[in-house]
Amino acid sequence: MKKLETHVVSIENIAKATFKLVIHVQADMLNTIKPGQFVHIKVGEGTEHMLRRPISICDISNTNETMTLIFKVFGKGTDQLAKLTEGHAIDLLIPCGNGYPMDDIEAEHVLLIGGGIGVPPLYYLGKQLIKKGIKVTSILGFQSAADVFYEDDFQTLGDVFVATNDGTYGIHGFVTDVINEQSLFGDYYFSCGPTPMLQAVETKLKDTTGYLSLEERMGCGIGACYACVVKTTDGESTKKVCQDGPVFKANEVQL
Amino acid sequence: MSLLKVELPGLALKNPIMPASGCFSFGKEYSQFYDLSKLGSIMVKAATLHKRLGNDTPRVAETKSGMLNAIGLQNPGVETIINEELPFLAGFDLPVIANVAGSTIEEYEQVATALRRSDIAAIELNISCPNVKEGGVQFGTDPEVAAEVTRRVKQAANVPVYVKLSPNVTDIVAIAKAVEQAGADGLTMINTLTGMTIDLNKRRPLLSNGVGGLSGPAIKPVAIRMIYQVYEAVNIPIIGMGGVRDAEDVLEFLLAGASAVAVGTANFENPLVCSEIIDDLPFVLNKYGFDSVTDAIGKGHIDA
Amino acid sequence: MSLLKVELPGLALKNPIMPASGCFSFGKEYSQFYDLSKLGSIMVKAATLHKRLGNDTPRVAETKSGMLNAIGLQNPGVETIINEELPFLAGFDLPVIANVAGSTIEEYEQVATALRRSDIAAIELNISCPNVKEGGVQFGTDPEVAAEVTRRVKQAANVPVYVKLSPNVTDIVAIAKAVEQAGADGLTMINTLTGMTIDLNKRRPLLSNGVGGLSGPAIKPVAIRMIYQVYEAVNIPIIGMGGVRDAEDVLEFLLAGASAVAVGTANFENPLVCSEIIDDLPFVLNKYGFDSVTDAIGKGHIDA
Amino acid sequence: MKKLETHVVSIENIAKATFKLVIHVQADMLNTIKPGQFVHIKVGEGTEHMLRRPISICDISNTNETMTLIFKVFGKGTDQLAKLTEGHAIDLLIPCGNGYPMDDIEAEHVLLIGGGIGVPPLYYLGKQLIKKGIKVTSILGFQSAADVFYEDDFQTLGDVFVATNDGTYGIHGFVTDVINEQSLFGDYYFSCGPTPMLQAVETKLKDTTGYLSLEERMGCGIGACYACVVKTTDGESTKKVCQDGPVFKANEVQL
């Protein structure tokens, strides 16, 4: 992991309060990145924000030497990130966390199940999976039509089903409703999104091997402060989301 | 770099900079960023007698120029720390300061006794953790209780004992004098201020523990004030901390009376911060006309 | 705007927002920026029996997300305040809260007695000023002394008395309960945390007074924590303060248990801040699902 | 006085760590400004800097609708101001303080005596004085050659004498040395600069009517917090630099 001082290549508002941020990163660093990893971003330059913000890596481009992040304005920190402009300096810890276990996957058809800001990391994952010849079906859940992003991009990977909670776009309901209605199945699934969604997915797909990417409030982002722990299923010990995760095997930790 | 050297009980420091307890675990993670041998020392994460899982999450929250934490002393227990964590640090050229916590005076004693079998250079006696129901801050708010824990741990330990003071008290000088009299070899200060933030959506305190410890630049003026007052009242050295993030902050702590300085929260903002401060410190000392670190200690006082 | 109304002893507030004592003088300067009748109330600058010139300068210093001040209770004395300052405020539609300070219990009594001849709606009893040698904070750190001052000022005054608590104590709840029992009609909290900053060039504390009071967003988590704890222990209303600079901060104080909120340091950053908060508050209440200010008070507590 | 949210027209490094900042201000506001007044500037947008910074008004241009400030990087706040760029937002309280007593001056020849960052306010003052037909002689003191600024601009007002403490430019010495050496005198003087300089000037020119502009650390900048007081000469009361000053009659207050 490195502390990288780089700059913004572009920033774009792609959905309601949702921004696509493209950052310059050199190829040798990009080559070390695994799908599911995240970066830990310093907000502003002064002391007002002492904690960095974790944002998943959505995509990388070796040719352009760029990395893409997609984030939603949630509070004061992401609001400030949204005000970044082309060429502006940005300071990251990169790459953080473990990522999805790409090497061990023995699968033919993988379901990518994302909710809201859990969608971005699944994109780079999907790209890597199809490179390995694995079939990908994406199920993306959003609040409503205005929140939907990256549908076309996922379309380049395979079938895509979009659901909205309020039915203003795609299928009305949750991602698990889509799995029911469309009788979707795969021999593996990867999921990222809000905890209630992950719980529903874990229950629904209890017989399928799955990996979940979790969120937790972070201090250091590198495993040193014990802010971001989750209990293991037996309740006897903890794992750190920032270091042991953010990706965990389904049922490995308590959601 | 002899201008950075400081000699404290049990600690021959090549420079006065060390990470603060709980903010640097046992060093492994930060060793990805720089060679830990560069540090003056390291204050490792708190040890209790048995493994503790700590509080529920959320455990941290950001505040303006600071943060709240309520980790709740999560640690694998002193035996595991001695066997599995401290050996990693033996590979570096720096004295290790172990942070000792407990729920009862006996537990403090037992942890200190267990640590006799380790290679640490000093103990930091944590009687000021605000984030656990039992043990911690109540030992640090009453001078007599603080003195008693100090006395017992001094007897149990085979290395110098630095007592970590809580800022959440009416009279920090009274506590400092009491633990000095009880045999403390030094003081470390300050631990976090007890604070809270409320989640407006959930209508509940944001941290699962309710209250948490406030750290970071926000609390620096309180740290400087307390160190300044305690320096005038005791004759044992002080390791200062609270909001340090650059070499000028370090000089301010030295002038207030600290002999060495620990860096906590700023590691999260910048994992290289201790290393960068060590590089900058000679220039900052020079800029303000000091020949060495020891030359600056206490020089902010009227009669210095 | 009845959703912003709050009724407190002596104070029928059209909204819960008021400038904090010492940060707004007697209102004249800020009346250039907006109509003071917009405010819920105003806490005017401290009054002592006789004129005081205060401390030497520098009297203020900036700190990260905060500031230190050591004004030292400069004021023209209670008679001049009654005759020359308060009449200006009579021209506005708002209840005035007078801040009463002193070096002895007798002085507090005398100031409160003098104020019987004025038109104020309530007294804020300042037993927590950290910036004067005599009088001030020592009255606010001992529960018995705090209770005694409260009792005597209650007898002298003809309006409700709100006691302003110092955060520089081990146990704020004990002080709060003691002054409640002594007859306080309400509490205001928190006053500033005692802090210091050192001038690296001069090698001396930057403020001429040495220590000063830390205020601003830096201290908000301490204020919220203390209000939260005191709210659970007393039955009198709390006017909260410490680091407020927007309407979401105000809501956080209401949830913690404050019935009204004062704004200090933020006036220096933005002279329009109180006016802007009053405009924003209805939207913020609505955003977080509250029907009114009174609906939000104390709602951050587990059993609320 | 107003809180004005406006923007930077230009910024330029004109001497060692010294910046000339031109800000857009509308004509109706400019018309209210008196020489010697200052603005109180918000540093950055967040909470890191809760106190504004006082900077004297150096010049105004009604035609361009601009105001010029000259400031030296001293600490963290001025350092951040130096990083402002063209078009960037800036938030001021304007105008602050009393300014020099332009209406009451019955003078034929005025000495302007400035030291370091005390020089800027004297420029707009000088411009107004010569408009009234008053002769102006400027004595400007700086640390060394690298610090000198605005000599040419003052030249358009009348005679200019520049002194440097280290003798690297102009006359070697302090402004009072210049007054001695050149036997300068006027029937009025206006001075702004570091306190030791003001004390020396006040003593040297004790028989001339003079006005001094003072500096003091400020909170509110508008007279409400009592941070910036100076004692009156009798020691019996105080004046506020931000409201009663920054310009005081010589010997009115204790330096």
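As written, the chain order gives the labels A, B, C and D, with residue 1 at the start of each chain.
Note that in this section a residue touches a chain if its C-beta (ideal position, glycine included) is under 8 Å from a C-beta of that chain, and two chains touch if they have at least 3 such contacts.
Chain identities (UniProt): A, D = Dihydroorotate dehydrogenase B (NAD(+)), electron transfer subunit; B, C = Dihydroorotate dehydrogenase.
Predicted model, so just to flag it, every value in this text is computed and none were measured.
Listed here as common contacts of chain A and chain C: B, D. If you average the Cα atoms of chain B and of chain C, the two centres end up 33 Å apart. With centres taken as mean Cα positions, chain D sits 36 Å from chain C.
Computed from the mean C-alpha positions, the centre of chain B lies at a distance of 46 Å from the centre of chain D. Residues of chain A in contact with two or more other chains: 47-48.
In chain C, the residues touching two or more other chains are 64-66, 217.
Viewed as a contact network, the protein chains are fully connected, with every chain touching every other.
Across the interface of their complex, chain D is touched by residues 64-65 of chain B. Within the complex, the chain A residues that touch chain B are 1, 3, 42, 47-52, 77, 93, 216-231, 237-238, 243. Within the complex, the chain D residues that touch chain A are 44, 46-48. Interface residues of chain C facing chain D in the complex, by the touch rule stated above, are 22-25, 29-30, 32-33, 45, 53-54, 57-62, 64-67, 69, 71, 74, 216-217, 245, 265-272. For chain B in complex with chain C, the touching residues are 63-66, 68, 141, 168-170, 193-198, 200-201, 203-205, 210-212, 214, 217-222, 224-225, 228, 243, 248, 251-252, 255-256, 288, 299-300, 302, 304.
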